[in-house]
Amino acid sequence: MSTLDDKAEETVEQVETTKCPEKEQKNRACGIILIFFVIGLVGSLAVGWLIFPKLLYSQKKQPIDFNHVVHVAAVEDGCESCHYFREDGSFSGVPKLAQCVGCHEEAQGENPEELKFVEEHVTKGNEVPWLVYSRQPDCVFFSHASHIKMGKLDCVVCHGHIGESKHSRVYEENRLTGYSRDIWGKNLAGLKKDTWDRMKMDDCAECHAELKAKGETVTTLPWPINWMPRPYEKPASSQVRVNIQKDACFVCHK
Amino acid sequence: MKVCRRSFLSLIIGGAAGTALSPLPLKLMDDSSIWSQAWPWTPVPEDGEVSHVGSICTLCPGGCGITVRKVNDRAIKIEGMKGHPVNNGGICVLGLSGLQLLYGPTRVKTPLKRVGARGEGRWEKISWDEAIAEVVKKLGGLREKGKSHTVACISGTDRGTVAQLLGRFLTVYGSPNFIRIPSIQDSYELTMHLMQGVQASAGFDVENADFVLSFGSGLIEGWGSPVRMIKANSKWKERGKVVQIESRLSNTAAKADKWVPINPGTEAALALAIANVIIQKSLYNADFVKNYSSGFEEFKQMVLNEFSPDDVSGITGVSASTIESLAKSFAGSSKPLAVCGRGQGETPGSLNEFMAVHTLNALVGNIDKKGGVWTVPDPDYIKWPEVEMDRIAANGMSKARIDGAGSKRYPDTRYLLDRLPNAINSGKEYPVEALFVAGANPVYTIPDSKAVKEAFNKVPFVVSFSSYMDETAVNSDLILPNHVFLERYEDVPTPVGLQKPIIGLSKPVVKPLFNTKHLGDVILLMAKAFGGQIAKAFPWDSYEVCLKETLGNKWDKLINDGFWADSNFRPAVWGGAFHTPSRKFEFVNKGKAESIKIEGDEKAYPLILMPYDSMRLASGFIGDPPFVIKTVEDTVLKGKEIVVEVNPKSARGFREGDQAILSTPKGSVKVRVHHFNGIMPGLVALPRGLGHTAYDEYLADKGVNFNELIGPVEDPVSGLNAAWGIRAKLTRA
Amino acid sequence: MDSALIPEGVKRCSFGKFIFWIIVVGAVLLWGVFAMLLCWFKGLNQTNMNDAYGFAVWIWADLAVIALGGGAFFTGLLRYIFGKDELKNIINYAVLIGFICYSSALLILAIDIGQPLRGWFIFWHANVHSMLTEVAFCLSCYFAVLTIEYIPLILENRQVDKVPFFHNLSHNMHGIMAIFAATGAFLSFFHQGSLGGVAGVLFGRPFAYREGVFIWPWTFFLFTWSAAACGPCFTIFITWITEKITRKKLVKKNVIMLLAKIAGWMLATYTIAKIIDTWYWAAVTVPSKGFTLMDFYSNNPLYGIWILVLEIVICGVVPSIILITKKGRESSFLLISAVFLGALGACVNRWVMVLQVMAVPVMTFESWPMYFPSWQEIATTILPVAYGIILIMISYRYLPIFPQEREIEQIG
Amino acid sequence: MKEQHKNTKAKKYGMVIDLDKCTGCGACMAACMAENNVPFKKDESNKLDSITWMRVYSLTNGKKFPEADMCYIPRPCMHCEAHNGHAPCVSVCPAVATDYNHETGIVSQIYTRCFGCRYCMAACPYHARYFNWWDPVWPDGMEKYLSPNVSPRMRGVVEKCSFCFHRYQLAMNKAYVEGRRELEEDEYQTSCTQACPAGAIIFGDLNNPGHAVNQIAKPDPKHGGRPMNPHAFRLLERLGTNPKVYYLSSREWVRRAGDNYIKDEGKQGNH
């Protein structure tokens, strides 16, 4: 590639002026050019992998450092004690202040975060502006009911072991889209190890396709590049030909 | 130089390679599309817990029950209340758009005092204390001078606690001039009063009627309680017949089983001709006529002599055979019902016509019977102690009303708002020194807008209680904004036209958004500020207390269900139903029923302009919210121009969509012409509900207000406005 | 000033004059760019399109420009596959025109979509059933092919050619050009066809709907056919204009005659096919949907039966007859009229298959919506024309577009 | 498909609109706008760029006074099934932004997937699809009434009636929490159905003989869902769009106005 450009450059140069002795020039230039190429390569890799994420994501602290461990120990029903289903089938999500007040009318301990919570929010009646790691774009309709009640999924599958966290981790917000980094995944290349590492549509699709292959009653999602074969499209057995449908966009989008 | 350029190129290539190997391009491409999917300037509605609040819609006198869906503390949507006796889940276009009024830009957010000239729109924000002090000071001054009777109050209704408080305040203050907004209610009340001797509203058992003879009533276009009427119409589609008598193919006419086009203004004659056939062929209810009516013989002679089908056919343009067949089917039905009041019924009309139509109901004996016209007493829950007037009040109350209602000339009429502008402008009566306007927008809704504005300008002190910046509010000196209907408690007695007395309760669905105050509370505060007998007449701490106390044991039911219906209510029995001197139904014979002559010279104005109403245009005191305006067809409004309907036959060279000048003796406006085969040649029809000058940019300056083109025509018997049209012409723009 | 860059042995106007015209056309281009930016930043409310006219002048321009650019693939096909060697003398220009047309089409598409930032979804989330997907894929692939075909031309610039690498590259590329031409012809066949399919598959629009074979409606084949017929016409027409402007002969007559003859036969067969299609459509398809032919050509201020006559008779039959007869071809006036009409015919056809499709009311209670483009639409439609002129000016000045030019000049 | 819905039978949600009862009051239009966060502009009188998922058209019989007659016809999205879900719009969308859901028979529209090529609009003979030519703007404060159940659309995308699919979703959520997979007829009703004061709109599962829509329209599965009720018809039946909205009218001219006929052809209006 470099030689190609090299020549191009050369001819243009020739047109303009023909002062230099060619060969000597060429050898020296080659080295320098290679160095520059490497600089460019390394530089842009650094930009892409190191600086870009810093620029793309802003770091935000949760208004209150929340200790899930303490709370999980204190309640009876695990996650559902605070993150429960309403009668109409909707999911309550992050608790409102009114829920917290039940126990935290007054500070129960010496924890400065709790004191801050009581002082700033409970007494003043201000809702806590929690930053929700798993907040999906507005176009997404996610039915907790179908996944938890019907699918008997564990919270951990999507939300990871947040229930075992003692501190709220930093919330990284995508400056361009306004969504949490957790959606795209910590790994900028989009690699993931566990099911909860990313929360993009492909991740839903992946899980659904797997279940589908096992013969579960689930809706399949379109694989993003839907004209290409999907990794999970292979028939689970010769009898069951998994019919991949992409007809249910409304199921998760509003 | 050399090295630089080549190296630069190399650097770029290296950079490109590196970039391609980094997540940057894909991530940026993905994020930029996500950015475009959630542009920061596109709102994202907040999710939360859903709740429902039941209430009553008071945007029109229909009194529908509503259920408001809320998410957290935001009201999301208004829906019809299931199981409500009026609308049972149904709801109209205006009711559905109520939240646009609540959250809309036309709200008056705080008390305002005029700074610039009247109507200029320059205001100063003042506190509630200042505002009330200002009113009390002004009224106090007038009272001291013994001019308490020069205070007038225009109210949208005279029923329910708020209107009653307002009336009570006026009484103890010392003014007889409490004036209700006119409508066919006035004519029907008067008809009931004269023919049945009752002071009650007319209720129509439309659900059970099996033959409805409508003299131009917009049964499905907002007449009566709109949603209820539309529901009834669906019932008629299953079992029942509707005949619409009207000179234009309105929606009602189009939906009716039979449309009888008629020369406009001749409805009374047609009714009497139908009576003629019924009597001649002895199709009437002999029992009722013989035992429970008086004056039948005189009436019979009159119709037989003067209203033969053949004669009337010439007047009305309805063939004699049609008249006969109408009479036969009407009288031959088991539960026939005749109704009148044009369009949505916002113009009272000629008393003769109302009585002639009501006579038909009497002839078939369908009064206080299933499927007929019922006498509906007001629910009698407002039982406050009699007011004790001081000397000044008594003196003021002894003065004649400025609108002439209850005078020798119009002894039985209660309110004559249409006469007020003229009374003020002519200066024949005493001047009006202060005017209150509540739940009404007279500057927009009263005919002859020019005269109304002139009259307003003659009143030195105008106070508006409007929640919105409407035409009247714009032309006032002080605005004391009421909460909107979704922010306040209010009792809503029997909706117009309903045959059973019920009470609905409007509830605060959301906390008041702005610095507004309930009109009831404002009245109480004013009364307190006056002290003396005035304060004594209002022994409540707040409106809510007053309302709770007034409703007594109905309160709990109202809070839970949203309405209270008198389950014991039965229509009166003929034996005791009539309170006329004869204790019988009176076939009142006021002589030859002359049709109302409309304004304008036929030669100068060859056409007749008539208004038409539509469910998609609110023509009352509420201006259309954006959703409603959006439903308006382009054959009604095009850009900012109003479209008038003419029959292609009388279009005289005006092609579809042409611009034209529409002139009447009252004024001329620019319009566009729409050819409509459903309208009688010789007529021009103009939609009501457009031409607002106030409100927001979604409504203001669109089309023409019909009231600018017409003035009131006094009915000789009642004094009410009986104008059904006006002479007009179309000329080239 | 720039004489070193100008091909050897040919005369070009003065640099000043060249720059002057570049600026003039460039101003028009900037106007178009301004309109384009307006559309991108303020949205498509800048246009006069509406819900009845979801497709309007842009899509027409797109389709027309692609049909006219069809000269490239068809000439390529003739030259490289069918071995019509004479055509090498006009192929460069055909490729250039094709390149301009296709790049313009892509640009217009990028303006036309409501969410340009998500335009890549058409590739990423493609729906294989959609004709538009087929269009997008083939269009971009063929554009890539055209770019590859255009590159050797650039490499032939006097200065560039001096570089051995480029010289060799150009040489090698010429060697394998047949493969590209074949690929191009194949791709072109499909996307010209799928553009026809765009309208033809609309079974909700009886005016556009055509029955067909397999997944392709007849318009699929008609569009390809008409592009093959009208594209060369347009190439000839533009060559003629270029000759007029440069005031010299650039291509030998025998080349033009050959291309004209082929175009003539293509046009003639196309016209016959089109007549059959129209007849079948009018006699069978349309009545089965409850329409008569005249329903589509009456009750509105613009679309009368004249448009059908114009398309089929005046722009189809007439030029076909001229072009297939020797006498017709030999007369310069008739030839140019015929190729002009042929090109116009494609434009009219595309107009009808886009704009009239939108205008014809399908529900009985709707009326004909009429439409006139806003200035922003016109400017953005002219934008590619200005861009094309500039590209032609530059290419003509610096590249040996017309291999025979020098020869003719020496003779002359 | 077959394996997918082992536990639940595929539904085909559809509508029957009684044009005898419809009064043209416009409540369905407003109910739809209020439910689905439909934006509005200062001037909506140009009906060619006014977003009304549900639009009430008026038709006339074309006769002269006094024989003139008029009828209103509400037009939501027809959710065409066409042949096996290949609705006119679905098959043309290049990015799968609109799709036929075989589980419910509803044609979806995903605003965030749509990139605004408007091909679907060209394909839809009912003009049921609307393009966001403008950024949606709510006057200050009015955005408070926006429903979180329907995502507001951004400029440059196409939108249309969804049969209030979000209501289906919410009803299903409730069912799931209660341990059910099936909905009752009244659990899922569209906003327009619910609001219509005339009760002219009936909504339900056309496949379910227990539902009113099936009983009234009597769709004939052997003939592409054609109504067997002689008073029922569908708009543009002859195009083969196989729409899921049925209309009822006792008037022949109204039924005839539902489709195109060559003069004097098959005068009975419904066949």
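Worth pointing out:
By letter and in written order, the chains are A, B, C and D; residue numbering begins at 1 in each of them.
Definition applied: a residue touches a chain if its C-beta (ideal position, glycine included) is under 8 Å from a C-beta of that chain, and two chains touch if they have at least 3 such contacts.
This one's a predicted model, so the numbers in the text were calculated from it and none came from an experiment.
Each step here moves to a touching chain, and the least such steps from chain C to chain D number 1. Simply put, of B-C and A-B, more C-beta pairs touch at A-B. Closest to the protein's overall CA centre, chain by chain, comes D. Summarising the inter-chain layout, the chain whose CA centre lies farthest from the centre of chain A is B. With centres defined as mean CA coordinates, chain C is found 62 Å away from chain B.
Spacing of chain A relative to chain B, judged by their CA centroids, is 56 angstrom.
Chain geometry summary: the mean Cα position of chain B and that of chain D are 33 Å apart.
Averaging Cα coordinates per chain places chain A and chain D 37 Å apart.
Each of residues 32, 35-38, 44-45, 47-48 in chain B touches at least two other chains.
The set of chain C residues that touch two or more partner chains comprises 115, 118, 121, 125-127. Shown for chain D are the residues that touch two or more other chains, namely 46, 50, 58, 96-97, 111-113, 135, 151-152, 154-155. The touching residues of chain C, when paired with chain D in their complex, are 43-45, 49-55, 112-116, 118-119, 121-122, 125-127, 129-133, 136, 198, 201-206, 287-292, 295, 357-358, 362-366, 369. On the side of chain D, the complex with chain A involves touching residues 1-8, 85, 96-97, 99-103, 106, 108, 110-113, 149-152, 162, 165-166, 169-179, 181. Interface residues of chain A facing chain B in the complex, by the touch rule stated above, are 1-2, 5-6, 9, 13, 20, 25, 29, 32-45, 47-49, 52, 56, 86, 88, 90, 92-93, 96, 137-139, 174, 176-179, 184, 188-190.
Listing the residues of chain B that touch chain C in their complex gives 29, 32-33, 35-37.
Within the complex, the chain B residues that touch chain D are 36-39, 41-48, 71, 74-80, 87, 89-93, 96-97, 99-100, 102-105, 220-221, 226-227, 230-231, 233-234, 237, 249, 251, 254-255, 259, 261, 513, 615-616, 626-635, 637-640, 647-649, 676-681, 696-698.
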